[in-house]
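Contents: one structure, followed by commentary.
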Amino acid sequence: MAIIDLVINRRLSLAALPPDWPGNNYWWHWLFFTIVLIAFVLVMVMGAIYIERRAMGRMQSRLGPNRTGPFGLLQPVADAVKVMLKENIVPDNADKIVHWLAPVIAFAPVLMIFAVVPFQNGALLADLNIGILYIVAISSISTVGVFMAGWSSGNKYSLLGAMRNVAAVVSYEIPLVLSIVGVVLVAGSMSLNTIVLKQDIPFILLQPLGFLIFFAAACAEINRSPFDLMEADSEIVAGFHTEYSGMKFAMFYLVEYAEAIAMSAIITTIFLGGWRGPLLPPWLWFIVKTFIVFFVMVWTRTTLPRVRIDQLMALAWKFLFPLALINLFVTAVQVLVWPDALPWTAVYINIAIMIILIFLWSRFFKLGWGRVEI
Amino acid sequence: MTTTQEMTLNTEPFVVNIGPVHPSTHGVFRMRCKLDGEVVIDIEPVFGYLHRGIEKLAEERTYTGFIPLTDRLDYISPMSNNLGYCLAVEKLAGIKVPERAEYIRVIMAELQRLANHCVAVGSMLNDAGAYFTPFMYTFRERERIIDLFDMVCGQRLTYNYMRIGGVSQDIPAEFLPALEKVVKRLTKFLKEYERLLKQNEILLARAKGVGILSKELAINCGISGPVARASGIKWDLRKADPYSIYDRFEFDIPTGENGDCYDRYRVRIEEMTQSLRIIEQASKQIPGGPIKADLPHIIYPPAGEVYAHIEAPKGELGFYIVSDNSIAPYRCHVRPTSLINLAALRQMVKGWKIADLILIFGSIDITMGEVDR
Amino acid sequence: MKFERYGIGILKGMTVTIRHLFRHPTVNQYPEQRLNVSRRLRGNELIWNRERCTGCATCAKACPQGAIELVTATNLKDNKYDVTTYRVDTGYCIQCGLCVEACPYNALFMGYSYERAKYRRGDVVQTNDELLESAERPASGYYHPEIAEKLPRQTLLVERITEKRKRK
Amino acid sequence: MTVALSSREIASQLSSKFPGAIEAAGNDSVLVKSDSLVQVAAYLKDTDGLKFAYLNYITAVDYYSYFEVVYQLTSLEHNRSVILKTRCYGRDNPSVPSVTSLWQGADFQEREIYDLFGIKFEGHPNLKRIFLWDGFPGYPLRKDWNQ
């Protein structure tokens, strides 16, 4: 009891210190919403797994999981239980501590992303005024976990997968950030809440090229097909998590879907107008839009073959990067011309620019060089 | 002064075993790959994980008794294996096959080609990374073909349908109407499948110009079937050395130009169309009559040797049989299409990435049952 | 990688997959939903007819695996052979059906059942009475068209799908 | 139709080119002395008018007193085929020259024959057992092999 008293007293004494320092209630608020957020993310992930498996099943003229619970809704739960009961196997040659730590490091940042995503006006854990920078910074930390996993497994497939992941993330971070900068220019703020408030015209229309670049780069970052080279099951078995089993594998599995949900949420927030929409309550709009974006990811995964590693790199550097730069330049000019808010004219101009640019780049740039002479 | 040798980072190639247990080695194939990062420097195929000694087993079985074992050679296309073996024994013993049986055999062999190419194309695209969708679609269509095989011979994988001098049983009355439906359905399906992936940019980027097998190398390695035809060799045993009654049907031999993975994929799809053409013609012309030559169950072919080959879905499948006028073959050698088609794999993959290695390997379309025997 | 067609090929492929979302799936739910198997099914176990069997052992000779074992005793009274043991090692059997084709007296049939897995290795060797036809081990129409006629018609995947469309 | 070329015709052509190389000419096959196998094969492969550039298969047969190695060649240009045979005697250390220098496709097949018959192919770059493991006792496809 004495310890608790001490803690509370310390908090109280702290609260007295700076004027803008969070007050006494702040910590409980913080803790409560963090737990709510984690629960929310886990539920969203379950929904995502269910949607992915069912939709993919139907697209492949199968049924997908339909045995556990009504319509197979409990399948993610069954999966989770199964995976937790599995034996935890650590390879002999593995670097034990790193091997153990990797899933944790990969998992934590994904949850942290959700801290700045607004579910409705003002309903976000931390309204950081540098929200987007925070997302960009945090989201690439997962890569460290993935690389640790690949390195510590002592497996060549894992190492290859991890190397591919690092290469992809390092390359795709640039077009990703550049396409966000366009949005930031238009919105005039880095806070996600403000960005949503500014979207009287959804930014997908104002920044169509930016959206495409961001979508492609996001797919590559969170290794969704067609850029799922890090765990290319037909080539390197399962990439970085080849040697993982049991709960640790479950963590990676969770990371994969949580990242996909996080990226969908970010795309929803900065391109699709976040919680805004008629009739339905804002948080529902947000969830619906997130799942729509996620469904598009599932859809592309179902249809498309995987690209090769050199093509992946080339796509980032020769295709997305220059286009993102041009997009940024065009946006900057438009913001100069219309300082208050971009009008509908800008939508038409931007779509026209997008079509022209994609046409030109498709014509003139060959991606990938193919064979290496030995 | 530092030399460039010291300046550059010293790297050394590392060896990765792909297989025998790997999602896309089509069974238990193993490649010992030497990699420089992602680039394949050298590979060495290792076989023998599925070696069952079928050639030795043939020497201990009657001529008819070996037919069920031929199913297990190339288990994706057992009908073709049956046909090849039966043709060899018939050639050896000089047996005349009744007309109706010949037509049934042709229909079965062509259906088998369709089924095999369904598997080949589907799993190749799966190797390319299309997450099971093309695979599922083709397997769905293969299922319809297997239904027909099931109807005539009662099994779905090891058909054991052909017999020396004919086929084991007559086709049931509901077979031909069902065949017509399947042909119609497959024609429709092929159109849809073309839409799915023919012009897909990613597939083009992955498969076009990748794993080029030159015409000269293909001939030198003895490569046959769709792989050879994709390299521009217009060589199809159904035209070049018409066995059974293939000289009565009209069909084309599709060939590729570059001999890359994409051409191999295209050639297979085109061949499926041609097979449908043959089936349509055969099902119209099929006469009545007996389905099996009048033969005892155990035959004693005259002493001698024979080589009969057919255009199996994967290439030239041949049986070299030496007889000593006893109930069992003295020696029965199978010309293993898949094994010989792998001969050029090393040259084809050198310098490509691992992803390409898997795709090139998938585009050759082998079955381990036939490689190891 | 060259986007010669500006992504039109990708979009075309995506329309195909999205269309499948609204089609009825081709699979069926096995234990509840059963399709009729082929009338000529070469099922799990051989069916032996004791009355018709003369003990000639043609089946044993035809078997490529040597899975059939037959012991006969001479019956001098009726001037025939009595089959004392008829044993099939279904573990060796590859369901090729050659024995059924070889039998000159129609005393052997392929089984029509397909869920006859055993839990113990000893159970797969079947002798005498275990091989007779019974309600759970019906005979298949393989090589016996007269039996095939009585069996239910095989469900064909092609027809199943088209029927479903018609009903709608 | 692939015409099996009259082997006597070929044999006479060959024996005029390589005197003493041809042992016998059967109805459908030419029996070549194993010493001159590679020269004969190269001649068949490259000569205009013959152009047997395609090696269908190689196999071997155990006849107790000798092993017979069979090569079937096809000319894709002229659509003709011919069977070459060569014999090697002795059961302890039989050997035949390798044709891998002419046909790359012979590689695996010669290894297979080495594995299952124990026939050595001189000049083969990588003569190892292919299906069975090293140290497998005996050569299974020989007639006297016993488990």
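Some notes on this structure:
Residue numbering begins at 1 within each chain, and the chains themselves are lettered A, B, C and D in the order written.
Definition applied: a contact is a pair of C-beta atoms (placed from the backbone, for glycine too) under 8 Å apart; a residue touches a chain by one contact, two chains touch by 3 or more.
What you see is a predicted model, and the numbers here were worked out from it, not measured in a lab.
Most remote from subunit C, judged by the distance between CA-atom centroids, is A.
In this view the innermost chain, defined by its CA centroid being closest to the centroid of all protein CA atoms, is B. With centres taken as mean Cα positions, subunit D sits 44 Å from subunit C. Per-chain CA centroids place subunit B at a distance of 25 Å from subunit D. Between the Cα centres of subunit A and subunit C there is a gap of 51 Å.
Along subunit B, residues 133, 140, 196-197, 200, 202-203, 205 each make contact with two or more other chains. Counting partner chains per residue, subunit A shows two or more touched chains at residues 59-62, 302-304, 307, 311, 367-368. The set of subunit D residues touching two or more other chains is empty. Interface of subunit A with subunit B (complex): residues 56, 59-62, 156-157, 160, 163-164, 225-226, 228-229, 232-237, 301-311, 367-368, 370-374. On subunit D, the positions that touch subunit B within their shared complex are 1-2, 53-57, 59, 61-62, 70, 72, 76, 79, 83, 103-109, 112, 116, 129-133, 140-141.
Within the complex formed with subunit D, the subunit B residues making contact are 47-48, 51, 53, 55-56, 217, 219-223, 233, 235, 237, 240-242, 305, 307, 309, 316, 318, 320, 322, 330-331, 333, 335, 339-340, 342-344, 372-373.
Within the complex formed with subunit B, the subunit C residues making contact are 1-5, 7-10, 12-13, 15-17, 26, 37-42, 58, 61-64, 94-98, 101-102, 110, 140, 142-143, 148, 153-154, 156-159, 162. Interface residues of subunit A facing subunit C in the complex, by the touch rule stated above, are 55, 57-63, 66, 299-300, 302-304, 307, 311, 314-315, 358-359, 361-362, 365-368.
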